[in-house]
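Reading through the structure tokens given below for one structure.
Going by the order they are written in, the chains are A, B, C and D; count residues from 1 in each one.
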Amino acid sequence: MNQISHIRPVDRDYRAGLNRPLEAEAARDYEFLGEKLARRDIDIEQVTAQVARFSVAVPSWGTGTGGTRFARFPGDGEPASVFDRIEDCAVINSLTGATPTISPHFPWDEVPDYAALRAHAEALGVGFDAVNSNTFQDHPAHAAHPLSYKFGSLSHTDPAVRAQAIAHNIDCIRAGEALGSKALTIWIGDGSNFPGQSHFGQAFERYIASVQQVAASLPPDWTLFLEHKIHEPAFYSTVIQDWGSSLLAAQAVGPQARCLVDLGHHAPNVNIEMIVARLIHAGKLAGFHFNDSKYGDDDLDAGAIDPFRLFLVFHELVDAERAGRLDVAPAYMIDQSHNVTDPIESLISSAIEIQRAYAQALLVDRMALSEYQEGNDAMMANQVLKRAFTTDVAPILATARFRKGAAIEPLAAYRASGYRQACAGRRPKRAGGGGGIV
Amino acid sequence: MNQISHIRPVDRDYRAGLNRPLEAEAARDYEFLGEKLARRDIDIEQVTAQVARFSVAVPSWGTGTGGTRFARFPGDGEPASVFDRIEDCAVINSLTGATPTISPHFPWDEVPDYAALRAHAEALGVGFDAVNSNTFQDHPAHAAHPLSYKFGSLSHTDPAVRAQAIAHNIDCIRAGEALGSKALTIWIGDGSNFPGQSHFGQAFERYIASVQQVAASLPPDWTLFLEHKIHEPAFYSTVIQDWGSSLLAAQAVGPQARCLVDLGHHAPNVNIEMIVARLIHAGKLAGFHFNDSKYGDDDLDAGAIDPFRLFLVFHELVDAERAGRLDVAPAYMIDQSHNVTDPIESLISSAIEIQRAYAQALLVDRMALSEYQEGNDAMMANQVLKRAFTTDVAPILATARFRKGAAIEPLAAYRASGYRQACAGRRPKRAGGGGGIV
Amino acid sequence: MNQISHIRPVDRDYRAGLNRPLEAEAARDYEFLGEKLARRDIDIEQVTAQVARFSVAVPSWGTGTGGTRFARFPGDGEPASVFDRIEDCAVINSLTGATPTISPHFPWDEVPDYAALRAHAEALGVGFDAVNSNTFQDHPAHAAHPLSYKFGSLSHTDPAVRAQAIAHNIDCIRAGEALGSKALTIWIGDGSNFPGQSHFGQAFERYIASVQQVAASLPPDWTLFLEHKIHEPAFYSTVIQDWGSSLLAAQAVGPQARCLVDLGHHAPNVNIEMIVARLIHAGKLAGFHFNDSKYGDDDLDAGAIDPFRLFLVFHELVDAERAGRLDVAPAYMIDQSHNVTDPIESLISSAIEIQRAYAQALLVDRMALSEYQEGNDAMMANQVLKRAFTTDVAPILATARFRKGAAIEPLAAYRASGYRQACAGRRPKRAGGGGGIV
Amino acid sequence: MNQISHIRPVDRDYRAGLNRPLEAEAARDYEFLGEKLARRDIDIEQVTAQVARFSVAVPSWGTGTGGTRFARFPGDGEPASVFDRIEDCAVINSLTGATPTISPHFPWDEVPDYAALRAHAEALGVGFDAVNSNTFQDHPAHAAHPLSYKFGSLSHTDPAVRAQAIAHNIDCIRAGEALGSKALTIWIGDGSNFPGQSHFGQAFERYIASVQQVAASLPPDWTLFLEHKIHEPAFYSTVIQDWGSSLLAAQAVGPQARCLVDLGHHAPNVNIEMIVARLIHAGKLAGFHFNDSKYGDDDLDAGAIDPFRLFLVFHELVDAERAGRLDVAPAYMIDQSHNVTDPIESLISSAIEIQRAYAQALLVDRMALSEYQEGNDAMMANQVLKRAFTTDVAPILATARFRKGAAIEPLAAYRASGYRQACAGRRPKRAGGGGGIV
């Protein structure tokens, strides 16, 4: 197919050729890990099978170089259209075998013909995950957005702005239906920068009423993901500042509404894995926007700063799943800003880190853990987690990829393919320059 | 009455004598402030009347010198019994006119004859507010507490420990009934220090089931205050770590359960006034444990570190009350640790700072604010709050005290009374030494 | 002068006309405050005189609407050139009488003829403060910046990039000399987003060597201001992450180098007034970038979030000045991002809040405070600060403005002048749209 | 030797017996890891040799159960004297082979005859590391401490208190000389709880002058370790709040003074590995108090919360050592509070985690890392660190222990020995009860 001819990493034979010299070593590592795990009564094949089934969606917007309010430093060969972005996502999925779906963002990914877009994606082996609306920016060139979101969107004091934001969200649902999505993620920038600027209670009520209107247009098999964030772009208050507000809103909207956890949207020191446990308890966990952070919503690559925290999140998820406490399977999505790396490389690496945390969580000896917890043996309970986390699961991840026809070494395969340089040749150079600050 | 004879500040004539030379100046300051407020269409008399009606409970445990895990440095004349503690609280109320009730803590304040304790308090002009249970410490000398709370209480894995903790809470209710209280505050130290030590979901379910049992013993006109805290004494996770968990628990327990906000129990940077607004929205705000903090649960004097934040909290409360959004009046209590000051002085000063924030919040021009909010005039909305906050309301506070027969200058009156020195003479010296660390 | 004719607030008669109906009330408030302060042995005239001498520089870049990485929502009549920005600054100074200087930023404020720029400013009654270099953005259209700062500037691994950044800083000095400045502020975005990306030690050494080269071009009566920041735009590490690194660098560079404190550049909970005290001790305090923050480098209006903290900073400064501990007068500058307000209004309001904090600090009874500190009377020492902070010093600020011919009510005067609307008519509309994120 | 007869884990034969059935598996794991590392051009024997030479000191005070201000829940068989504490430390060292020295704390570890204490330790195979003074608690029963440290010690306003604190530190040096120590660690609780309570500048100057006096009594081959802490027990300000103040003090005191880094003594989000790099640059790094924390100075077990951060710290140390940037070898000490575990188990586990981080840091391919850093290849630089961190180095640690005659599985060996139960039989039960709060 000519769509694929210029995208070398999508070619299965290309990957197989690169894998060949690595196979023997990978097999040996896998065999020895299998032996070690067998001593712990763990069947490596079961783990590998679960890892192979695991997938995480990549964000279409994450394929372009990100930036800060100070500057954006463009990379070479950045995607210029949603079609380009889908090709980049297909590269990631081909190499990792772990990212078969894309999360689109509107109006950034708006096209006149969604069927064509869907066909383009399917031809490249990828599909679509939750759609995202955007009412945190103005879209002055866009006929459906004549009003400004400077002072809010779904919670704006002006009903006309709220109506515009609601209509946009419904448009997103329609686009998502055409693409095969089953969920809409709502994140808003609404909030305030000054004490007094906004009435906390009224803004929250307006938000809920707006989301209820969006929900009324939701197909019955869709889910609404409500995403909270403590700050930014608003710096004194946000309307959905934490999981508590997200929960109240989801309760008010009804069973189709659930709470999305972005790992970087919390106050310092907050125990995120506990929030996961509480949302599971409440039957309101939607899923995740994975990334990592040290200071705020840094949107760094998943697992880059605190891999143990990522493991602890998956430990909660695996625990809940094993115990039948998950009413629905959580949605896994990456949401990062790739400012200093090739976005494709960051998404490849992040997908692997997320798989790694999941694989480690699968190794937790839950029977032993449960006994230690019951007996308040804090030391041994902790040792159980440590043993799982310090196990080097790379051979499992590599084998799962190899068996799927993905790359044993995805980053190396990507670099060897020359894909980015080829893109640089055929895609227009994007401008960088100042961020929001000037 | 002989109980009062040795407590000079409780003597109205003593206070009147001290007030006399201050009256003229206080009157002049009050008159001028009245003139300024009149220009802003505010009737100072209305404000003063509201301030005069305002009260906050003092904690019986706050009358002793506090400490840290490193050390406790005792003060002179510390109370040796709950009777002493009540006398100290009566001194605070006599001088401020703002603290007519005491919040007791059991088993610290346990006595064989609650009627006698209540009579002692009434003779001194004070009554009792919410009672507090204590299952965060062992009480080895106490027959009702043979089991240790080292690994939890209401959420313990062992049903026998949970039963003991439930029984203790019910005992607290019974004691509170005898004292005239109408609420039980539950704060537990349950949590974990190690990832893996505790099963988040199961611990939460055990907590809820235990609290439901306590609630079943609650008189119909009582309220249950559930208090959350992000960390300490547990340093990896706590069972009720934030207002979201507190809300879930209160929803599960039913209409008598509400969420108590302690100003020092949050993650860094958290917008506490927003939490207040959300709990009001949910109809689940119980009230407050006032104190101030810079780093964690520092338990410093209210208003000592961030007086503007205290004002913003009261701004939400006054706003909700004016708008009829408060289903019940919130409970106001002080909860502080006085490590380097005379506790009576800290409680006097804190009660005044809390009143100050309330008085400032009463000055907010809510009509103007509402218009600016509707019009997204962030600058002017903020100016409205600033104008209220920068108004020096000391003359209102002094006048409210004076008219009640309390002291115009409570700290000076307290120091002049020689009360502490007298206590030092008749109360045994308490030991200091190491805190929990050794 | 025709330059001024279209800038109504710069017209002294315009302001006098607005002041007239406010004078009597202002005089009465001032008189009564004077009476109150006299009781505390404070001569209000001395305070007013000090406040009148106080000034803070405004940032030329702060006159445009700011933004975040998510979006910038433009305002009406935004300045289109440095000449416009100077006019806006002149408006602020005319109305407040407190901002006679402007801090320029290069290459944003670059012009071919600095003498003309200086003359323009002088005609409007304003001069120039510290100049700022910009090596945190690329300037692709600028011949002197062919190389990218994507991976750093003064600490870049590539000597050619470092040389370019050094040359730019020296260019800034030359421009500053032409404008009458006496200081260069260096803030860099250098750092890393990934553990391992940057060698901490070598990057620091490269930074120091580069700054030493800049310092070698410094006129003898100039000062170099080194500004630290914990994060953003780099999200794992920054080269000058805190005042400790800033101090080490300033020590290595020599006596002309000093440490600049931006109130929003610290970790959560950090005691900023303590850092001020330490830099005074070290003889290395340069001055301040004033703003306020709740979460990170929020760049909110000074005093908007934590006015007591601003007061405590000024308390340290006044204390040090009185004690002869300040070797040089600190530089005061505002550095804010005005995303939801008219930037002129925010700068007016911020200048007033900074003056307010200074005026409150002047009221601290330092003799009493010192005695209480010596005697470890924590309660009374704190009361001394509280009494100063809760004093409503608005009459002092208004009187200082009035006596200088500035506006008694600067915000009202600004709004009444129609200046912004006039600008909107003659300045081109600036684009908004996405920030760095897309 | 009869001292040893009752301490089973100290018996080499006991350990050898337990190791025997584990040897074959350990050897196989080690062999395979060696094969994997060889592919990465790493000689496992070199790494194992370095790990075997690595040691960390254990705190004598850490052998007792810790507590919080709320409560201390005693464990069974807690040490009742410094002799007991030394026996516990000997058990830890015998099982891990990694903790040959003990850090004593005075006056807690004060004895009349230090030669006897030293002989007791030597007989058990352990020696003494840095001594610690204690002026954060009162020692009312102690003749040398008649004055209270309630309001400070080395920085107290009263010269008599400072003199007492100085004398105590000098006493610690003398005791340390008798024990064979070479360093004194000074951590003070001095600070304030209220704005205004303390004069920041003067308190710092008094601290420096006091430490200079202590330093004057230091033997020439000793080092003074100055330890900073952001808060607790003081909750508004501390005298040595961060590494910047610590550095200024160490510079003022002279070459024998260096800065000690406790991993839990920083503001939230702070990049601790960067501080390590800066102190190395300044030639002022003393060493570490290892522990882990999520919220504040939680004093949790090293590596329990953020093992990647611990690795990053060791990455800096190994890097500096390889580059010859370390002027002296840093001192490694554990400083933890074991509230819910058997302290011996926590110290065993922590020593292993610290070794693990060191071993992982030894695996970093520094040549490749350096090239990626020079080329700003953030992705591959980060991959280098990840590859080292995700390597399961347990076989190296086990082999290093086995070859030294320590236990392959120290925790299991400890539990099997029945040591704690034996202690419970012969040591008096210690009281628990309330912490500092009541």
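The rule is simple: contacts are C-beta pairs under 8 Å (C-beta built on N, C-alpha and C of every residue); 3 or more make two chains touch, one makes a residue touch a chain.
The structure displayed is predicted, hence computed values, not measured ones.
Student: Looking at the contacts, which chains touch subunit A and subunit B alike?
Tutor: C, D
Student: Among the chains, which one keeps its Cα centre farthest from the Cα centre of subunit D?
Tutor: C
Student: Please compute the C-alpha centroid of subunit B, do the same for subunit C, then give the distance between them in whole Å.
Tutor: 39
Student: Just curious, how far off is subunit D from subunit C if you go by their C-alpha centres, in Å?
Tutor: Chain centres of subunit C and subunit D, defined by C-alpha means, are spaced 43 Å apart.
Student: Out of subunit A, which residues touch more than one other chain, so two or more?
Tutor: 150-151, 192-195, 197, 230-231, 236, 268-269, 271, 294-295, 301, 304-305, 308, 340-341, 376, 378-379, 382
Student: Under the touch definition given earlier, write down the residues of subunit C that touch subunit A in their complex.
Tutor: It is residues 61, 64, 66-73, 108, 136-138, 140, 148-151, 189, 192-195, 197, 230-233, 235-236, 268, 293-296, 298-301, 304-305, 337, 339-341, 432-438 of subunit C that touch subunit A.
Student: Considering only the defined contacts, which subunit A positions touch subunit D in the complex?
Tutor: 25, 29, 32, 36, 39, 268-269, 271, 294-295, 301, 304-309, 340-342, 345-346, 349, 356, 376, 378-380, 382-383, 389-392, 394, 411
Student: Across the complex, what residues on subunit A touch subunit B?
Tutor: Its residues touching subunit B are 150-152, 157, 192-202, 204-205, 230-231, 236-237, 241-245, 247-248, 266-271, 273-275, 277-278, 280-282, 308, 312, 315-316, 319-320, 323, 325, 369-370, 372-376, 378-379, 381-382, 384-385.
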